[in-house]
Amino acid sequence: MTDTLAGAVTAPMVRAWIEKSAKVLADNRAHLTELDSPIGDSDHGNNMDRGFKAVLEKLPQGDDIGAMLKSVAMSLISKVGGAAGPLYGTMFLDGAKPLAGKTSLTGEELARFFDDAVAGVMKRGRSDVGMKTMLDALAPAAKAFREEIANGSDMPAALKAAAKAAEQGMEATIPMQAQRGRASYLGERSIGHQDPGATSSYLILQAFSDAVEEAVQ
Amino acid sequence: MTDTLAGAVTAPMVRAWIEKSAKVLADNRAHLTELDSPIGDSDHGNNMDRGFKAVLEKLPQGDDIGAMLKSVAMSLISKVGGAAGPLYGTMFLDGAKPLAGKTSLTGEELARFFDDAVAGVMKRGRSDVGMKTMLDALAPAAKAFREEIANGSDMPAALKAAAKAAEQGMEATIPMQAQRGRASYLGERSIGHQDPGATSSYLILQAFSDAVEEAVQ
Amino acid sequence: MKKLVNNAEDVTVEQLKGFGLACEDIDVHFDPNYVCVAGGVQDRVALVSGGGSGHEPLHGGYVGTGMLDAACPGQVFTSPTPDQMFEAGKAVNGGRGILQIVKNYTGDVLNFQMAADMLRDEGIEVRNVIIDDDVALKDSLYTAGRRGLGTTVIAEKVCGAAAREGYDLDRLAALCKKVNIHGKSMGMALTSCTTPQNGTPSFELPDDEMEIGIGIHGEPGIMRSKIKSADEVTEILTDRILDDEAYTRNLSEWDPAKGDWVDVEVTDITLQKGDEVIAIVNGMGGTPLSELYTVYAKLADLTARRGVKIVRNLVGNYITSLEMAGVSITLVKTDEEILRLYDAPVKTPALRWGM
Amino acid sequence: MKKLVNNAEDVTVEQLKGFGLACEDIDVHFDPNYVCVAGGVQDRVALVSGGGSGHEPLHGGYVGTGMLDAACPGQVFTSPTPDQMFEAGKAVNGGRGILQIVKNYTGDVLNFQMAADMLRDEGIEVRNVIIDDDVALKDSLYTAGRRGLGTTVIAEKVCGAAAREGYDLDRLAALCKKVNIHGKSMGMALTSCTTPQNGTPSFELPDDEMEIGIGIHGEPGIMRSKIKSADEVTEILTDRILDDEAYTRNLSEWDPAKGDWVDVEVTDITLQKGDEVIAIVNGMGGTPLSELYTVYAKLADLTARRGVKIVRNLVGNYITSLEMAGVSITLVKTDEEILRLYDAPVKTPALRWGM
């Protein structure tokens, strides 16, 4: 791979990421809803699928990454509802803020995107890592990405590491007792179940890694 | 058997009949309710059991058969409800009317009791034989009893014939399409099911036969 | 069996107890069981109804100012006994006679007739009016005739207002009969229901089937079919109501001149373009309210297409079968008199407006 | 799945359509979905609420004179999106600000906050008051906090009356917060429920088990047990409400001085001997009304023994979970202000008296 391709995420890659996310969430709709059944209200897959379908419909043409991600945020906010809607909406909104007008992102810019996204979710959700939420996938992913970039990894490798960290974070939610969201009502009975939000977060990050991987091949 | 015993139904026999009816209906409560499920509203066994429990509680002491049967009627009327309450109530009430003060019944008197009982049900229910109701057991039984008495049979034999006719009448309701009561709502779908009311009528008549049989032995 | 009950053998008593505690304007009596307006009835016709329990809010929920004066609940799905109506009638007798509104089920008809005879023996004038509005049944000669469904609620409302307006017994009975021949209903079930006494469903209904043309006692309907969409279900029920032809049958009523029960021939109206109706979209007890609104949307569409105008509506649980899922639709053709009396103030646990 | 629906993917729209046709005083808007009083609001605070669908009559059924001005229904069991409250708020804005009554579920809280921010950008003053009355949950630090249950209905009624009395926005928000800390609820389920979208029950509940301490979204409760009698169930719920100790937590509210959302510490009242309460015995959608009266009988007994007096009651389906069988109990301690406003006339599809 060449340095130009490997060193930056381009607007088409971001678009491919969003499209792949929509596909993966549609494919996993039943799975996510099932995860939301024992510890939630059985709608997470429906919510995310409905949201990303709307995202695709509204996604603007052109190469402005900031505009694209802001559009994703607004679609999610106005179509998902539930807890996931404002949280994912905030994630994309806060992450996209510094990216207005940008047509490609450096590793540092993307690391900042992830950090802002995680911070946004934490603030909106009054939540933190370890509470059995999407943050358990998102925060380790952001951290892993920044470390990889700092260590000089290229974009596909860094995103792969981020997705891997998200996957591990997702799995780590299984033994946790939920402290936020609906699952927290169950107290100890929430233990032993994988968090649906952490799962959708992993799927979105894996979609990012896959989209960029495919683009650079 | 002696002529005195075989030729008349005594007050203790009538009491034994009523008590046995209560027992048999309690034993068949679930069965009668089950019969009332496909073509009715699943309460006939409950109704009859509740009614005859009340009958036992209120049954007057003494040897006045008319008073006993009137008491049965009043208890059924005020405790059974549904269609069966007024119909069985009327049956005992109309049948008992000429029997006030009597302490034993001749064959002719009992034949008259059955005829009056059947006529009472027909009038109250605007119904007739062949409509898939209790009358399909009661009317043949009354007829068989009168014939047996006319032919010189003794009381146990005549009652046995009446119970037998009731049983056949009950079975004959299976292929009938109901024309009265709840089962009639089902139209052709009522065909193939045995009528719960005909079944309880048979049980009551069989109890009569059994009670008298036991008494004369 | 999943029910909030204590003693399955006689849930009626424990339910009535709570009803009495919750409704301060209503007195509850036991043994025999009946509920009636506190304070009794003065110098007007009194209105009494009743039927098996399990149809709540019918009838107890319609006792109060401007509607029923007393209601007699039987065991679950079993009509009440004459002693109940006898005591209730004596309690609410206001010296101008009693109108008993009776749904057309063999048990109800017979028990209310016996009660009327008993009350008459006490010197109280009584008329029984039978409600038989269930268009699922076509024939009265070879069946027990059409059953009483949602028109009962409208009859109780309208006659309750008329009694307060001072209608005498004959005029009130005539009005009630008018409401009956103006009303048509039909119901369907998605699920069966379970009486506390039995503990198992009254009939079996496979997961993909529904029952059309049901009554309200958990008895099966006139036919079974595969589950259909809300629109299709609504169309089946509504078309049958709108297309129902003039239905003629004999109904039993008391003839004061003859001093006996006589059969009187009665013929229903048919619904015509330009008619105005009160509509009920009624849940059977276990149907979410939201689904009833889906049905209402289609009903409004179908009636409008036929030029029949819904001028008032009730959407909710008004005459139920325990926890059954399903719906019944009632259309009652109105005229000036019916609509005026329907709109009159009413204050009961289940129906309230204007006060 | 046995439901009266057409398009399982978006039942909310078809249900709203029927609701709009049935309720002549209420306007229904689509895309974004909201319902509001026809004729708008003039020169007083407007009252808006909302939440996932599937809880009918909540909230749409409480829109009307003397209660809510607008309601925003989300997808089934999914909180509405900010654009709904944004449009609804603009539609009913009467120039004196908007009070949003929000049940304490993460999604509702967040979406209503976003909507408040958007409306504020339009120059409309907004306050959000959170209802969190579910005593099943003890702890707020390690959970999302107590959920909003039946107190919501009382808050909407009382605040609706106060808005018509001319309360300004701050006073109305203060009143709503008072109702919240005066209200305590707890619920249980005998059966699960099925959202149209999923077609299978939200959780599995064996035939002989029940779920205690449920919310209203078909999510499991805080514990499971063998089925008990109505009296035992009522005792579990009532005791927990009566014994509930002062509950302190932080609730988020808008600080106009700071121009930001701030956490404010709030402590519930505890119920004392001599207190007067409004009681709700609420069905979850699939519970026969008659069973709710059985529960009411025991509730009245239990409160009386503790010297707590029920001065008003609602028995029926007020805040439901589709066709779930089960019950929730709510007690709201009253004072002169709450009771006066509760008694004020109200005319909505689901709650009506005095007019």
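Order as written gives the chain letters A, B, C and D; numbering starts at 1 within each chain.
FYI, contacts are C-beta pairs under 8 Å (C-beta built on N, C-alpha and C of every residue); 3 or more make two chains touch, one makes a residue touch a chain.
Predicted, not measured: the structure shown is a model, and the values here were computed from it.
Peer 1: What are the chains that chain C and chain D both touch?
Peer 2: Where chain C and chain D might share a partner, there is none at all.
Peer 1: Find the chain most remote from chain D, comparing centres computed as mean CA coordinates.
Peer 2: Greatest centre separation from chain D goes to chain B.
Peer 1: Taking each chain's centre as its mean C-alpha position, how far apart are chain B and chain C in Å?
Peer 2: 32
Peer 1: Between chain A and chain B, what is the separation of their C-alpha centroids in Å?
Peer 2: A distance of 77 Å separates the two centres.
Peer 1: Let me have the rounded angstrom distance from the C-alpha centre of chain A over to the C-alpha centre of chain C, please.
Peer 2: Chain A and chain C have C-alpha centres separated by 57 Å.
Peer 1: What topology does the chain contact graph adopt: line, ring, star, complete, or other?
Peer 2: Here the contact pattern is a line, an open path with two ends.
Peer 1: Please list each pair of chains that are touching.
Peer 2: So, checking each combination of chains, I get A-D, B-C, C-D as the touching pairs.
Peer 1: Would you tell me which residues of chain B are touching chain C in their complex?
Peer 2: 33, 37-43, 46-47, 50, 77-87, 89, 124-125, 177-182, 184-187, 189
Peer 1: Across the complex, what residues on chain D touch chain C?
Peer 2: Contacts found on chain D: 2-6, 11, 14-19, 21-22, 53-54, 56-57, 61, 190-191, 207, 210, 227, 229-231, 233, 281, 285-298, 300, 313, 315, 317, 320, 322-323, 325, 327, 347, 349, 352-355.
Peer 1: So in the complex, which bits of chain D are touching chain A?
Peer 2: So the residues of chain D touching chain A come out as 32, 52, 74-83, 105-107, 110-111, 113-114, 136-137, 142-144, 147, 195, 197-198, 202-203, 215, 217-222.
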